[in-house]
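One structure is given below, represented as structure tokens, and several questions about it will come after.
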Amino acid sequence: MDRTYKKVELVGISSKSFEDAVNNAIDKAAKSLHGMAWFEVTEQHGKITDGKITEFQSVIKVAFKVD
Amino acid sequence: MDRTYKKVELVGISSKSFEDAVNNAIDKAAKSLHGMAWFEVTEQHGKITDGKITEFQSVIKVAFKVD
Amino acid sequence: MDRTYKKVELVGISSKSFEDAVNNAIDKAAKSLHGMAWFEVTEQHGKITDGKITEFQSVIKVAFKVD
Amino acid sequence: MDRTYKKVELVGISSKSFEDAVNNAIDKAAKSLHGMAWFEVTEQHGKITDGKITEFQSVIKVAFKVD
Amino acid sequence: MDRTYKKVELVGISSKSFEDAVNNAIDKAAKSLHGMAWFEVTEQHGKITDGKITEFQSVIKVAFKVD
Amino acid sequence: MDRTYKKVELVGISSKSFEDAVNNAIDKAAKSLHGMAWFEVTEQHGKITDGKITEFQSVIKVAFKVD
Amino acid sequence: MDRTYKKVELVGISSKSFEDAVNNAIDKAAKSLHGMAWFEVTEQHGKITDGKITEFQSVIKVAFKVD
Amino acid sequence: MDRTYKKVELVGISSKSFEDAVNNAIDKAAKSLHGMAWFEVTEQHGKITDGKITEFQSVIKVAFKVD
Amino acid sequence: MDRTYKKVELVGISSKSFEDAVNNAIDKAAKSLHGMAWFEVTEQHGKITDGKITEFQSVIKVAFKVD
Amino acid sequence: MDRTYKKVELVGISSKSFEDAVNNAIDKAAKSLHGMAWFEVTEQHGKITDGKITEFQSVIKVAFKVD
Amino acid sequence: MDRTYKKVELVGISSKSFEDAVNNAIDKAAKSLHGMAWFEVTEQHGKITDGKITEFQSVIKVAFKVD
Amino acid sequence: MDRTYKKVELVGISSKSFEDAVNNAIDKAAKSLHGMAWFEVTEQHGKITDGKITEFQSVIKVAFKVD
């Protein structure tokens, strides 16, 4: 029952939406991390160009099991 | 003009999106609470299974009028 | 000596003052809760109409003993 | 239904009370802002001279409708 | 998969330890709540009498499933 | 390289979604502000009418370059 | 122009109001501290007895000049 | 009924546990302070030596009555 | 004695230091604002290029008297 | 004298106590990290099964020297 | 190994820089406190006169060993 | 346009200044991390020996691009 998780902080960026930005970060993390169990959104911001949102930036913490 | 509201804290969970999770929580609350007036999102997190988001969890406070 | 309290979050509203708003919330709570022991003010805001304050809104947590 | 508000941050000062300080700030704002809808108290502090409170300072955010 | 939890805030008090205070609150809650799933510690404080700790007070939020 | 930005706080409101509310606020701001560079979401809340969400309210800070 | 202040944290209690509680704390501090310059309100809570507020408790920080 | 408390911030250190660290701080304070009434835990951290916890550090605020 | 201040939020940027960034923001503000009385630093961050800090960014609030 | 530490965030889980959960996380970290110097507790929560605490979860940051 | 520290909160003021303000506060404290071990910066603000910074104000907590 | 950054938390230490401490941390990180893009200062504290500051400690988060 006793086990340990590690949290890493990621910034996902998407031209579509905050949720797509979260997905981008998790997809990228999935390439090197195994055993991801949950994530937490800590910040939401973005870039504006010529009066329009051009980047959605989601800051998340992702927790994965330490073997 | 003088009146009182009560806030309750709910965690809505959805397989689709954070907004759907908010909707789930409010739909569930609507079954027993009357006079709901506003809600506030306080946390956004979720579950990851096999490298994909399988649950969106939105923590909200819902305020309703106390008769 | 061992005992348990529950906290509920209320929003009192008054046309007079923030303290009257706190009193309104506690008076309302007193109709259904027994054993209220303390309260904490967590937010103070209000409504403005035609450039004048027309509502004082005090958000409080009220703690009462669980029998 | 879709509309936008802007919030400005003000520090009202009064020799009488925190609520009078809030009123001073809103009265001053009413001279140049139209469509004020609500306010939020964010800080309360004050000045002490010769061991007595000589200024009550209320920091508030005031929201008004952007036409 | 979609479901909703409600969080309630409790203050457990014990003469022994902070963890015993958490246990007291959860034991008390178990008498009326079903489906408790997790808890979060939000504050730890206590009472001092004659220079000794006589009460450990743990403030927790308890989440339970809403049927 | 040395330059200065100013941040203004806006509340966008939409009947559709939190992101649409952000877009509404930025569209409105674009009518009077030039050189907007980024935004930060600081709060998400909304209005409930007859048990359904009728307004999504996104509070954002928008930064623009000061000439 | 260079000088140093020290801040002390006090809890004033009054049966009348939060501002009277602040005054009580500053009056008490004035007996031993000289050169008090400003105060900041950090918490507002109180005691409830038989469904009525019987104590207003204002937590403040008071700054005074260090000679 | 009107009275004033002062809060002081202490860091207790123990080789045994966080609660023992709180006790150490209160025992030390009891030597010079009278009328201690309550304490609040604000931080918990510690020292690690050779991969093992060698110090538990509890930061607390202790409130005592001002005569 | 009664008067009102307004706070504006600025981001100063400098290639030299955080304090130079604060100065840049205040110099820029001085061109359009009169009666500036105080400032508060709320964030400090910066840009890194090729492993070296190339921008110091200081976020400040500046308060000025409202006539 | 000049040196650098890195902090990693871990979630230790134990069926016994919050301190045991901290120990589990540090023991696990000790297998791959050298030069651990201190830790900070940032969150305490847990799992409830059938009305009893079955997991104590301590979130900590662990700092270790970067060679 | 068991020992106790006390933290005091100071506001250092300098016409030169934030770090000089910290130094002023610590120099002043060194006249009456022995065994100072560490400090923490909690706020940075300042005074503006005629559009220029005339005071740098650093709020710090200083910890010293209690004998 | 879609991309992901990772943030790591570092504590830089310098005998000279807080900014030198930030530089030390970034110089150290530059030895193993590529694509560092920005940093954020989250804490500033230090060590005092014999009444003088002997260490400036800057806690920062550094973000770098994940390939």
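Note that the chains are named A, B, C, D, E, F, G, H, I, J, K and L in the order they appear, and that numbering of residues resets to 1 at the start of each chain.
Here is the rule we use: a residue touches a chain if its C-beta (ideal position, glycine included) is under 8 Å from a C-beta of that chain, and two chains touch if they have at least 3 such contacts.
Since we're looking at a predicted model, the values are computed, not measured.
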{"item": "If a chain touches subunit A and subunit E alike, it appears here", "value": "B, J"}
{"item": "Number of hops, subunit D to subunit I, where each hop joins two touching chains", "value": "1"}
{"item": "Chain separated most widely from subunit F, comparing mean CA positions", "value": "H"}
{"item": "Equivalent of D-I within the choices A-F, H-J or C-E, defined by over half of its residue contact pairs recurring", "value": "C-E"}
{"item": "Centroid spacing, where centroids are CA-atom means, of subunit A and subunit D in whole angstrom", "value": "38"}
{"item": "Distance between the centres, which are taken as Cα means, of subunit C and subunit B, whole angstrom", "value": "22"}
{"item": "Multi-chain contact residues (two or more partners), subunit A", "value": "8-9, 29"}
{"item": "Inter-chain touch pairs (all)", "value": "A-B, A-F, A-J, A-L, B-C, B-E, B-F, C-D, C-E, C-G, D-F, D-G, D-I, E-H, E-J, F-I, G-H, G-K, H-J, H-K, I-K, I-L, J-L, K-L"}
{"item": "Subunit J residues within the subunit A interface of the complex", "value": "8-15, 20, 24-25, 28-29, 54-55, 59"}
{"item": "Subunit K-touching residues of subunit G, taken from the complex the two chains share", "value": "1-9, 61, 63, 66"}
{"item": "Of subunit B, residues touching subunit F in the complex", "value": "19, 22-23, 26-27, 29-30, 36-41, 62"}
{"item": "Partner subunit D, residues of subunit C touching it in the complex", "value": "17-18, 43-48, 51-53, 56"}
